[in-house]
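Following are the structures in question.
Paired with chain B in one complex and with chain C in the other, chain A is shared by the two complexes that follow.
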Partner chain A sequence: MNNYVPSMHDAFNARTFTIHELCNSFIVSDSFTKLCGLSNTVMIGPRGSGKTTLMRMLSVQAIDTWDGELADYYRKNIPYSGVFIPTDRVWKSQYEKVKDRLGGSHDYLDVLDSLFIYHVLERFISALSYRASRTLDKKYNFLHINISKKDEADLVKELSESWMVNPSITTFKSLEVALIKKKQIVSSFIYSLINKRNLNEKPEVVSGDITDIIGNSVDMVNVSINDSDAKWCFLFDELELAPDHIVQPLIDATRGRSDSYIFKLALSPYHENVRITDGPDSSMNNQDFSFVNLTGSSDRSGLEFSKQLCANVFIRNELDQPIDSYFDDYVSSTLKDDFIDLANKDSAFRSYLGSKKIDIDKFDEYTDKDKRTTIRKIQRVVRVRNAYLKENGKPNSLKRPPDFYGGFENICKSLEYNPRMLIGIMNGFVPIIKENGTVPIHNQIASIVKFCNSYRSLLSTIAIDSIDRRFKNINDLIDCIGRYFQHQVHGEKFESEPKGSLTFNKKQSINYKDVIGVALNAGALISIDNVDAYQSVSDITNVRCRLSFIFAHHYRILLIKQRAVNFQEVLKDDTVVLRAVDPMVSKEIDQLDLL
Partner chain B sequence: MDDMKVRFLVLSDLHAIIDEKLRDDSHLIFTGGSCSYSEAFKKYLLSLSVDIDYLICAGDISNKACSQGFEQGWVFLNQLKEDIGAKGLLCVPGNHDHQSRHSPEVFSPKHNLQFIAPLFPTNCFTKNTHFWAWNWCVIEEADFNAFLINSSAYHGFGDKEYEKGRVSKETAQQIVKYINSGSFTRKPFNILLCHHHPFKMDHVDSRLDIESMELGSYLVRELHQTRSGAWLVVHGHRHYADITYAQSATDTPPVVLSAGSFSAKLYPELAGRTSNQFYILEIDLESTEESNKLVGQFNTHECPYPTFWQPSTSDNLPAKGGFGSDKTSGMIANDIKNMIDDENPFLEVTELEVFRDSVENLMPQGFKELIKSLEDFGLSVRTEANMIVEVGKSNE
Partner chain C sequence: MKFLKERNDFSYDFAIYGLGFESRSVALLDSDTTEEAIKVAIGYSVNTDVLNYPDNKAAFVASNCKVIEGDDDSVFEKFESVFSRLNFETPVNVQLDITVMSRYRLASILCRLIKKLPSDSIVSVVYSRSSFVEPPSDSTPIRTIGELSDELIGDVGDLSLPTCAIFGLGYEPDKALGVSNYLDSNIVLAYVPKSDEERFETCVLENNEDFLSQLASTNIASYSVDMPYSTYVDLKSLIISLKEITRPILIPLGPKILSAIGAVIGLELQIPVWRVSSDHEERPVERPASGNIIRFDLSI
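Right, the complex of A and B next:
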């Protein structure tokens, strides 16, 4: 299954930020507060939703670098040393290629596994080295360790013996370098294994259960630093890019409870072969387990976060007025005008009004109570439907989407409060504000359209394998869904409650679950309902989802949660089978390696 | 220069061409006045954000005496000087800049160089007149005197004279006489800039070196014996980057920088041993004046592929190095060894700070010698950018 989803805003990826850049631009959100807790955690979110930022901010280096009052609060209340562990996307292709060559069972599994183990150990020692550094000019000395050189040398000797590495000097830094070199040796061996030529000598590697190795290593360190209560938090980021057999043991480990370490795992919303809840002793039955969902933030918290994030972007560009003041708002028509206008040109609407005994001529006589139950319920549909109809009742092909898709709040909503996209779009507004003082509504709309088009192009690069010629890539899938929802709002019949979300059959979802998973991971589909509660990452039948609001103007639909329809009805064909093409194992990728 | 340092950008052996037929000779191809190689270089140089005080070019601006190539290269150097805000441009001609082969159109090897615009090799008509008449001139700056030598002055005369450089005994004595006269003002250091190498470089390739500057070693020895301050010798020609101390009867030998070629395509025997490079030399004025020997550091940048510049990865020359250290590598190694014992099994970067200047001012070979000495003491060393960041007992 294709877990790699390209991002149109890789330039804003927190992975590439320095610690200082990360800390200077960080905005505390509810999700961060939840993630901080002293419990094993699974965090899910699509690309660009801020997983890496949150995980990196919990690293001991970031906590020690972060300035400000809030930072002081977290420094006082975070009792563990965060070890940030990014995932190397090469691992998965290496695993797959070795599997292709040698099958699932062979003599080199320990070497393959050791690559990940050494990576984790290297990051662990990097965090330890930071805490114990006598040479760094640390600002807050967060969880600083005083360790004598002799004790450091003794500990490095013991660790290096048990990890089968050979640092040239018995220092933490030298051990870190030795681990990096070991990774190179192992990687080079795997490469020779894949290419079947000049097979290198099989390296001696650490082997065993990853959690046992972590546990033992942490214990050795804690004894040496005379702090048996010290807690270490291993922050595994972008696990969607890691091979399944790496991910599952980490999740399984969250079932148990260790006094010395906890795991926090960042995953995309859908991960086919990963099981969190199966079995009576699953993680979810453990009260020390928590779940953070970055998908589908509530408007309240999402907007609050977006305001701070965007204000931060503007302040860095010397724009320090309230964020709303930089955005021209659209001129809203009255409810009555919309109703009269639509009734004049849309016979379907007139029929609907008749069936509901709503008399437009008596609009002003209706009480608020009347309006609540009948009129207000359909006001959004009326506004959108009206905007796209000409006076003669024919469809109106507007040159650009109506203004009501603009305004600061709608921009944030359209971008799903996605920090990476928000930073991108706000940076684009800065020169406009510097020239005009505000962002005119047409510029706002144009930017949303541009982001949407880029996003659709990106989705077009993720191929779908299907004999149904309608579906060549994920954008085709989104388009099929979007057109269905569009018809709900703009069809011949006036739908007072158009369908605008999807559910999936248990029986038929087997035919398309991984492409839905890819769309979820890309953020093109957004899961809704109980986003704060645990959500399975392997079963889409538990998920109700809608289109990302970034497509709302494109498909002329509403920026609200709507009624559900079964995906099977959208497909209009029970036999359709859709499979995501996994670029990590395709032949095209082999060729791309050559470029 | 507020920090008592003078910084030079050194380029040599440009071999600028305008003729596509000669593209096997050089990367510096000017087409319609523009050149992607030089543009990429400028962009990279500006990204380094280094304040350069002077630009030095050790000759062979042109390739095979092409006058249009010379013109383009000379304009490029003058424009570069302006772009980086340098106070001066120190330049000499090379053998490829002289029209030393007999042909019906050539009546003087140096004629084109004398009449080029902007003025060459200096922007002063009088100094240039002296240069073309006597094959040398002096440029006096606040912190140094630069002696420009035309080591190709006799090309076009005599049988195969063009195969080597030359300085005459009389020229050498004329310069010495000038230095010993009242016209000369002593500065912290002096520069001798010439195209040909004053000392034989038999180690460059498998051929015997017959191209060096005749009487070059005599010239350097005579200049050094004037006791007129520290000396820096900069030359080009061999396209092989190297830095050494000159043979000297004192403890303050001149530093000799053999600049590699900025843009000539390197012949196979050289290609694996050096690269297309430029240098930023930084002279520490205070230490130089105090010790009477040249003290400073250099940074080397290379272009392994056309239009892609980076800090040097070559041994000749490495990305960083120095000259004029106050200690030998053996002395530093002993001092470090004496600080390490069972209770203090390693030294960290802060503890090694006391050695920073001494280590950074070691020549590249001296730095290698230091590492070897430490290893001979049973120590292991971790280095970053020509500095020791960690040293301790080897883990057995």
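Right, the complex of A and C next:
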């Protein structure tokens, strides 16, 4: 055991894990089960929601490495070879800038476009090479291929010709290396081209529709390995970061059905230009299509997943007691006490009780049925409102949020069961537990506050264009919404069912839809009522969303789904136009860039 | 091109200055080494009437400096015209004062000089450090991220390799955090500037607390603002080793001397070097010269 104490934000990113690390820390969730199916799938989720983990775990290498009973079950039931295809924002940005720079030079666009195609082919051949390896010490031989050296050589020769690469010897490994070299040659050629350096001869590259290239390549492999029924699954992670012209064709390809391959595509929640549902033969009308939404897990499944995930973090740090036992719970006041307390100091609440003919003095006489329809319905509002009022009825500016925002379950809920955030916050608790035995409630609250502040700082860096100076960044937008919801709970009038979620007009949403999309992608807004969430990928008028619960204590609001209000009412101004700023679009820089 | 270890005294044939609103814009104007030089001062199209800009302009004019003003495209065009008229055919010594140049400008001009000057020419990059000025109190949203100059777009590289973002830190609140979040790189390294101005370093650490708390201590290094050669050697060797297993990208926030060093390394190693800007969200601030001059020399 090393003595490294991870920081609160210690980076957890499935992309940087080795396969062994990934498998050892993997927790099966409902989403994984759904994603595994033998259908084309689109999966959406904001940053840190676990898309990459789920996609990588379906790769043939991960399935073959994964230990345990559950792993055996999935090995038996997953009939395809997963090919994990990562993307990257920096790469995409460079690619798009180079493409801009090439402008009308269509002579070279096929060379540039081949970079991504070669990337896909390299990953494909890497998976094939793994399956067919005679030397790797594979644990379970998942979908192992026995192929003779001659057949391997014939296939490599055929693929090399088709893909225009030159492996030094006719093995899968050599073909993989040749693909890597080809990417380097293409990349260097493009660099020389845009920098007007001495150009080598234009490289011969594979070109055409990516789905055709994948289909043809898979067919060649399946024929060669004498398994025409073999199924391959191409797992495109963060598809929005693939070159633009490839994104929609891949989504469209999920409408079709191929006997030899399927696609699983992971995306962030909102993309104006991505259409999953257009047309009568759209993906959703296809029985071979499924949709997985990682946003807004149900409390039951989210909590179950969080418990396992957090327990794993603790076990790695030699803390192997039940996870709940490490968290001091808050001391909850009784429902009756909260009602009496608030009634004593809040005239608006007293008026409400009067209007509903609720007599506090007879609180104990009410039956459970009475309480369900009147008292229990408002208990959460009463508790939060009560906590922020002084005895004299004036607002109480607490030094820290009330304890009821703490407790293990509320921490998980506040972090939206987001694995990246959960691992980050749990890492921060490890040294506290090692010192105290448990995490005191004040430490729990302090960590949530710190996470929230850090997250708000981050949102402050995402720019918004607007003439209305209230909105310079996404945090300003969240603040506007948060203040509205806060007023619903803590305003002069007692609202028994305060509004706490947003809907959007078809007509007016054009004025701000991409900014709402950015907030959804950042996880600051969470879409709810997700039955038809696939429609929301390109159209926010299909979305009902709420603030992330990470802001609940900051805006003194409830950790539950609440009534909807139209966003226009929150803005209080029909003329507000908000535009997302794409930092990658070139702008003139002036002398203010001087710091 | 060679980054020179030894520091020699040069007499310059050509001196390029930035004309801006900070008083330190003219801090290097009256130097013996540029007495005989042809001088050009490159100004802006906005904020030309604030703080010391008008006085600085007058000082440049009085020193027989050719002043060219305008937006980036127009000043580059005018500069190109001046530069091509000079028609250097034999090695020359050029001084490039980057003190008040935007990162885009300093990198674009430096890259042009490296590309176009005759072999064995000397380019001295000089930077007049400012006295300590408090950083802005709030974070400003990031409105532009892009290559430091056209030449520094870098090799697109192999998508199978993880991205490694190397941040030079500045003291603006959460700027690195915002960029890091936007890029979502697999590996992140931070370079913290160190100098004899302790308040600056304290501000850098405080205003990047959230960003730095995400990084393992092994991913945080420091560099001395006053020692460009050491910084160049350290950074270049780091990037060379990273290139074997990652796609490195350099984002030099903070003191502009790192941007100039980054531009040199970017050209040498064909890696992307990016800049970040909040555009017009930042307010013009006076930064007087501290008297501390930082310089490095390149032999072309």
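Throughout what follows, the second predicted complex is superposed on the first by the 532 of 595 C-alpha atoms of A that agree within 3 Å, B and C clash if a C-alpha of one lies under 4 Å from a C-alpha of the other, contacts with A are read in each partner's own complex, and residues count from 1 in each chain.
Everything below uses one rule, namely that a contact is a pair of C-beta atoms (placed from the backbone, for glycine too) under 8 Å apart; a residue touches a chain by one contact, two chains touch by 3 or more.
Note that the structure is a prediction, hence the values are computed from the model and not measured.
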{"item": "Touched partner set for A:174, first chain B, second chain C, both or neither", "value": "first"}
{"item": "Chain B versus chain C as contact partner of A:307, first or second or both or neither", "value": "neither"}
{"item": "Chain B versus chain C as contact partner of A:160, first or second or both or neither", "value": "first"}
{"item": "Chain B versus chain C as contact partner of A:454, first or second or both or neither", "value": "second"}
{"item": "Chain B versus chain C as contact partner of A:245, first or second or both or neither", "value": "neither"}
{"item": "Residue contacts on chain A - larger count, chain B or chain C", "value": "C"}
{"item": "Contacts of A:90 with chain B and chain C, given as first, second, both or neither", "value": "second"}
{"item": "First, second, both or neither for A:47, with chain B first and chain C second", "value": "second"}
{"item": "Touching partner for A:561 - first (chain B), second (chain C), both, neither", "value": "neither"}
{"item": "Set of chain A residues, in rising order, touched by both chain B and chain C", "value": "none"}
{"item": "Sites on chain A touched by chain B in the complex", "value": "134-135, 149-150, 153, 156-157, 160, 166-171, 173-174, 177"}
{"item": "Residue ranges of chain B in contact with chain A within the complex", "value": "342-346, 348-350, 380-382, 389-395"}
{"item": "List of chain C residues in touch with chain A within their complex", "value": "20-22, 44-47, 71-72, 100, 102-105, 135, 138-147, 150-151, 153-160, 162-163, 165, 170-175, 177-179, 181-188, 210, 213-216, 247, 249, 254, 256, 270, 272, 275-284, 287"}
{"item": "Partner chain C, residues of chain A touching it in the complex", "value": "7-11, 13, 15-16, 47, 86-91, 93-95, 97-98, 101, 112, 115-116, 119, 122-123, 180, 183-184, 187-188, 190-191, 194-195, 453-454, 457-458, 460-464, 472-473, 581, 583-595"}
